[in-house]
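Can you read through this structure? Questions will come right after.
Chains: A, B and C, in written order; residue numbering restarts at 1 for each.
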């Protein structure tokens, strides 16, 4: 048998990647089942974070009945919306947190030897089950607020909700990709990710609290205004949807694409001198 | 105790932190943006409240409290839990245990260098900016000295909590879970995300006696001279609480570590 | 002979910050813009034929890894041309990686928590290996090594030897034209080393795979390589047969003589200048010789001489 040199180029399309991801996911879940203690502790951790976030929220509202004209239930809606929108980044892009260590130790090089997309290969390695707990918590909050505000439930509204939730999550993914990719250029940039992840806590407040330059900054540069505020207006103010909400899906794809390009540029730039 | 040897670790830590010059610049910048977020949020909150003083805190008080709490958080943040779990998994822990210094001391002094750098690069600049912007809202007297003392005690309490949590990592691989539980509890109950003054009375009663308060709330309360901390009578219970927790946690942590470390030697790393 | 790899005048420079010493130096470095350029690889040209096993040697920091990284498409050369299987690796990294396999020392590229067989299946899918070829490859593996004990074991539970073995098998799985092995036997025991050498040799013969082997273990070189390339301080300093290497500094042999008092006397003899028999005869005039041994100079000794800068 001879080497495969002369064979035609193999094409790897969307279907190929979907199939590979599914296979890795299944294997990964199987091996995770063998760490039951870890799963339990992580789940407790996840519940604790969400509870603590919720307690903070309650304490705040006990002292201050409304924020910038947003009452308790509307704020709660925003809160639930942001939690659900954070699920994809938590579940599918969690390996970003390991990027820094792998780049520094030189282990990252192993992702560059396979005939598949480096970004995909890297992200596919970790599926974070804990994100599902957050998802459940977010959906619960969202439904609770939804009922109290009295938004009608129609297929159109649901479709809109799904579309804008996906939009919102694209922005969050983009933020975390870009934050993680800084480690290709900057040694010791771990803090950038930590702080960007903390920025997300501000996504659950109405972004009209920002003024001047900072409104532009938090809308177009570090787009936390798009992680919950603008997309959720599509549901909350369906009679008076602002232009930015309409633009959100396209902008979300653009931001995601840019962050992906930035990440890949990092891979190319990185000189792998780390021993 | 050989101080020279300990200070050598501090020096090495400072040099290591300074290697990451761009990282340092980015950290400073990201921090600034975070503070802007905090500012806008609370400005809106106070504007919606309609009154200037809520639970004895003015907007300026709350801002100073939260900004300095963030600055303290950045300066006190340690990655002992992560480092520990990584060195357990790689087996490096054995090397650390062989160092001619007790592990606890070794860890503490290794971190001291980055504490010094972070204090100079994050806390001091933030403090100066807050001082200028709020002109005169921070009292400038003996409280600064007491604040410094309280911060050192806070550092010890914080380190002891980190070590206890890190020791748990000898038993489980679930570092993420353990770390997030710790972080969540500390951030909420220490007043770093919402000033403890806003907590409901019943919750307050409990939180007042927990160790978490000793990390952020007590130093900041002393700095702002709230709760009669400008008098000896007000000051003593604060220091008492910090000292008591520092002692209890150090002792408990040491015992727990000594007991657990036998486990690693048995497992052979 | 068809070429698997062609390198022409390849150079690679890195720009690094000039660090200063001490605490003061660290503070100064915060603001310094004092960079220096380091040439890791200087004007290296190389042709490697199909099916060859090449020993790529050099002292630590000589530029070996940098060269390998350029051949695999991870790094872009500063100047010069590289063709691997007719592909420019840096420009078409994905296409290039289709036909290469890489093992990087102690860094496993397998899925840490999966059993080996699952890693194999994922690799089969990723490289789109036809089912028949995949089965044949597994069959070949079985004939070369005993893979059953490790096939269903998660990689993280394996010993270093088993892990290295697994990584090598994984690198050959898609039947690549070229396999890069970076210190494959580092840290392994003697029997594992020979097992791995046999495996590499077997796969090379069966599949006519080109193997680029970097190592510090001359046992690997002696067992596997016909030709070796030595690089030092970024420059290629030797590129020829391994047999020829032994005459690099002249034709040396070590002569050991047991004298009447049972001590051994050792002489390194350059055969181009001295005759062994002449030396023995000379000695015998002075003293009684009870026994003699004549040893070939070992690869290790020659390499050591080369690294140390020759004569």
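Methods note: a contact is a pair of C-beta atoms (placed from the backbone, for glycine too) under 8 Å apart; a residue touches a chain by one contact, two chains touch by 3 or more.
Worth saying up front: this structure is predicted, and the values here are computed from it rather than measured.
A comparison of C-alpha centroids places A closest to the centre of the full protein.
Across the assembly, the chain pair joined by the most C-beta contact pairs is A-B.
Chain centres here are C-alpha means, and the one lying farthest from subunit A is C. Put simply, the C-alpha centre of subunit B and that of subunit C have 50 angstrom between them. Computed centre separation for the pair subunit A/subunit B is 28 angstrom, with centres defined by C-alpha atoms. If you average the CA atoms of subunit A and of subunit C, the two centres end up 43 Å from each other. The set of subunit B residues that touch two or more partner chains comprises 19, 24. Residue ranges of subunit A in contact with subunit B, taken from their complex: 35, 37-38, 41-46, 48-49, 52, 55-56, 59-60, 62-69, 130, 182, 185-192, 195-196, 198-199, 202, 205, 209-211, 214, 217-218, 222. Partner subunit C is touched in their complex by these residues of subunit A: 1-5, 9-10, 12, 19-20, 23-24, 27-28, 31-32, 106-107, 109-110, 112-117, 125, 268, 271-273. The part of subunit C that touches subunit A in the complex is made up of residues 14, 16, 69, 72-76, 85, 93-95, 97-100, 102, 104, 107, 109, 111, 113-114, 118, 121-122, 125-128, 133, 136, 154, 174-177, 207-209. The touching residues of subunit B, counted against subunit A in their complex, run 17, 19-20, 22-24, 26-27, 30-31, 33-34, 36-37, 40-41, 43-49, 54-55, 74, 172-174, 176-181, 184-185, 187-188, 193-194, 198-200.
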